[in-house]
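What follows is a pair of complexes built around subunit A, which joins subunit B in one and subunit C in the other.
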Partner chain A sequence: MTLSPNGAGLRASECGLVSMLSAKQLSYASALFIVASSLLIKAVYVFSLQDSWLSVLVAILISLLVIGVYGMLGRRHPGMCPVKLSEAVFGRVVGKVVAAMYIFFFLSLAILNLEDAGSFVTVSILPRTPVTIVYVMVIVVCAMAVSKGHKMCMYSTMMVILVAFIFVLNMLLLFNKMELENFLPVLTQPPKNYFLAIFGLLMLPLCEIFVFMIFAPDMKKPEIIGSALKGGIFIGGFLLFIIVVRDIAALDGYLQYTNNPTFSSIRLIEIGDFLTRLEILYASILITTFTFKISVCFYAAIVGLARLFRIENYHIFIGIFGVLIVVATRGVFESTFEHNEWKRSAPIYSTLFLIILPIIMLLVSYLRFGKYPQKRQAASGGENAGTDGGNDDSADYNPNRAPGET
Partner chain B sequence: MLIVLVILVFVLLGIADFPELISKKQWKETIILGVFYAGVFILAILQVTRGEIPSPMMAIHYFIDKCLHMSFPPPPG
Partner chain C sequence: MTIKGKARRFLAAALALVMILLLSGCFDRRELDTIAIVVGAGLDKGREEGNVRVTLQIANIGSSEQSDPQTALNEASSFVNVTEEGPAVNYAVRNMQSKVSRLIYLAHNKVIVIGEEMAKTGINNVLDFFVRASEARLTVNLLVAEGKAGEILSTSAHLEQLPGTEIQELIRDQEITSTAPIITELDFIGTMIEKSVEAFAPLIKIVEENGEKHLKISGTAVFKDSKMVGKFDEYETQGMLHVQDRFQRGVLFVRIQDTPATIEILDAKTQLRPEVFTDGTIMMHMKLNVTAGLGDQGEGVNLFTPENMEMVKNAVSDAIKDQIARAIEKAKEYDADIFGFGKKLSRYYPEQWKEMAEQWDNLFRSVQYDVEVNVVTKLSGRTTTYIKPQ
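So, the complex of A and B:
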């Protein structure tokens, strides 16, 4: 049977039975993914204070360069997810090791984000609820979303519009609490602080959308995945910029002392006696976006695993991996201290998967397959017609399938 | 009590997953899934009985912080 990069027999686009993702849908989905991380940008405020808006702008610009690398990989190997891409570029053995590392990375993202969501809910909204209950409820919703496959991304457009509307509304309602002087003085921090703030932003919310490469086989035009992700960076980055500007203008020095600046700034909204306690609106948005983010990482981990083992039906992993994520989330950090310690290493950990490995993949792809891997494939296909050639990865290279697929 | 709950969850999940795979004679899938079930079951039981499980994230943090010396500095102030 012909296996495809998405492990579902024929490529979904070829059989035409499954509705495929458009570039626009992927852009909005990745923007929603970025917005979900608005809870995790506290480090930016800590390092660059009132200049955080500047850090966000610079991080968006640099992230476009990094996304350019993903785009080049997507153009050279259209329709390949990180798992198949690793196998195609590095060969069977090394490729499988790299693919397994990516699966672990996606799983760790799901675990860490679930931990963050649980902490947020138990600290800010439901302090008496056991955190495990929150984990289980979130993961059950995520499992339902994951069972729908890539369709979970199709409804994110509406969600992004709703989120943007609520953010703008919050900003308008906070207008009487905002001070333009809070942005002054400009550029007073040491350069190292700006570097740390920009690097942290780049690795945690922005370049994490690399996870969406897992949807490459499910796209109508997989070769334009880079443009779709760039669109996501523009939309998500703009929303992040709005959040940061609002927080700086409303909170000023308090930014450094609060654990959740965005939540604290929305708590300030008070129009008369009736329009207060709007933070619950933000909390609902945040939990929804977090659930989406965890679902995407959960999906990436189990679909990646299914593709690694060439299993057609990834659904068999949903239940057991749901339990694994809950168990691992409960045990990942024993205390808040450990969690804060991890936050110091998280950007470096992500750098390996989001910058170093993609760049190495691109370089190796150029070295092995030249400038036009698809022409090379056509040529080698002609030469190898009627021969076995199964063991030479470079000779029977096909950008739409990993070595070993028949 | 928690151990009973863990066993119950695994039995229910197993009933949902395995019979279909076995009836379709998908042995590779059955073995791979069985290995994951065993691993996760051990982790869950360890967590329920000992209250903690080894955290790979803290091991990674230790490597980045103590071996590579590349982790972010503590927040200023």
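So, the complex of A and C:
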């Protein structure tokens, strides 16, 4: 939606409709989010080997269904972030508990991703640098991004295009090392392996973009957050597909042994004597996208907390939570082995927040509010959602929109 | 607002500067004069049972920088070889550090040479380090030495400054001779870890000519699992490279109606298609498309005529078929499926392969094959007939 015709109804402050997120911006931001974790995926190769590209396609299809659930939630309760959503759906007490669980989830995502980025840097690039220094550097940048609020998502389009360009370039440069035969034979693993591979992909890179629901109040058209996220799945999934196809074609049997298949395949690039050592490109993309991902999770955690306690200004949390994340990341895993162990159970942990709770929310929302929750909520009058000040101006262009926040 | 804006900008700039200082990776900063750049690694069997003897060739940067042709002869050598024995490669390399003043730096390593004795006892344990080390690359060339790897690395180079570089250049020359396979560490490990294909590596040896020692790359070391089981000579190697579709360019010597001639193979492409018959017979169909040219010819009939070119084509086709037959027969002797026949089967017959996999060692010996060679001749050279005194 462009500027609403009754612009007079807009807020005078800088948080007006103009600087709000468009669906496209959210799509690209979530695509970048997916790309970050795609660069480190390993489990899918362990389980489905040369059929990983099939797992990616199926996972994308299934994730579209899951995103459909988020989309329905977004349509039924437009402009509500997960915190407000759980309060609106489950009522005050249970809702607050669920919201707190979500905040913890976002915080844990920030911590785990920081761990990922840190261990990549120390294992592959700077083996003797204390990992805390890496954490602090990343968190300082993230804190700067978080202080900008939802604006941090606005420029991800450029980054996605850059990343896509580098991937395609990598693929072209690796062409002499790729063999189509590496994709054979097709579908020879036991079905359980495919299930685990698809499940892992679904939970780790793809459905994690649920975090972007935190930006629902900041969208120009919050009702279409579902389709915005689907756009993200398409772009991010396509890039993920490119990565997986390239790795399979280039690495063949070594795929199962390497810790980081994407990094290994880029290390293979050798055009003549001069075009070598391109992994620095990969490393910089990885660190950039991970910084973005951590920023989003960080933002989601502290903004969620601020909304839970109805604190207007979330900025007070930035410093304290930045320190908290660094300290927690230091202590979360004792070694790489523990981290690898965790990666097996991580999808199950995420399932609760990314699939089970959203579906329960949708069901409860249907049971409590029927087909048109907006009307029921408006009638029940601020009991659930409208407590922290209505959004009168936006009601001008969307009379059905539930009172939320900007 | 403006002051606040300025202050913020100043803060941001200060922060950026601090980050520049910190982000350069201060803990892993390595300057050129503090690292010992390894250009070659040799692995030999140690004196004690189960030990490995590691030789690292370190480039002496200082001496090669000021290599004036006149003083070069009297100067210190452009490389230093350091040897250390230990129960494991990483252990030995770390112990070696006490003999080397600079930090051993593996990222520029060009070749890994494995001594024959070492190769025969199995090399998966010693290669682990080169796969695991964060700075080592998998695109390093891997060779097997006839004799000791340490001796190969200490044979002084003739045209290059460092033996490590010389070996790498010699391997690169195989692109136009195809008498030894060009193998990177990744190729080797990829074939070693799989059951359906066996590993192989080029052979390097020292030859003495006119009192001077030269390095020569020729032939193939054939591995079974991680142990070297045999060797292929150049002729068999060419056949092996044809089956694997790794043949790039090379020469063949043939006699056609008593006319000696060198035939240049300019290009060779092989399509390998497996077929499993209902009675369990495994058949490998090979179809080669070869582009050949006349390299030179001696006295006899002029081969550069349309009719005689047909004879050249037949001679090339026969020679290649013979090379392939010799290679496959010898591989069957060693029980080593270096051609990846098993891998082809696992890809095209995944169901049957599951049963075959366990007894593949036996089945490999019974694999049948047929070869079809399609030769295209290309004009090469500037003459149309041979030189003969009238």
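The criterion applied here is as follows: the second predicted complex is superposed on the first by the 357 of 406 C-alpha atoms of A that agree within 3 Å, B and C clash if a C-alpha of one lies under 4 Å from a C-alpha of the other, contacts with A are read in each partner's own complex, and residues count from 1 in each chain.
The rule we apply is simple: a residue touches a chain if its C-beta (ideal position, glycine included) is under 8 Å from a C-beta of that chain, and two chains touch if they have at least 3 such contacts.
Every value quoted in this text rests on a predicted model; they were computed, and no experiment measured them.
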- Which partner does A:333 reach: the first (subunit B), the second (subunit C), both, or neither? first
- Item | subunit B versus subunit C as contact partner of A:179, first or second or both or neither | neither
- Does subunit B (first) or subunit C (second) touch A:320, or do both, or does neither? first
- Message: By the touch definition at the top of the document, which applies to A:252: first (subunit B), second (subunit C), both, or neither?
- Response: second
- Task: Using the touch criterion from the header, give the chain among subunit B and subunit C with more contacted residues in subunit A.
- Result: B
- Query: Given the complex with subunit B, which residues does subunit A contribute to the contact?
  - Reply: 43, 46-47, 108, 111-112, 193, 196, 200, 256, 309, 311, 313, 316-317, 319-321, 323-324, 327-328, 330-334, 338, 341-345, 347-349
- subunit C to subunit A touching residues, read off their complex: 15, 19, 22-23, 25-28, 131, 134, 137-139, 186, 189-191, 193-194, 346-348, 350, 353
- Note on the structure: In the complex, the residues of subunit B that touch subunit A are 9-10, 13, 16-17, 21, 28-29, 32-33, 36-37, 40, 43-44, 47, 52-58, 60-61, 64-65, 68, 70-77
- Message: Can you tell me which positions in subunit A touch subunit C when the two form their complex?
- Response: 123-130, 133, 137, 140, 181, 184-185, 188, 252-254, 257, 264, 267-268, 270, 276
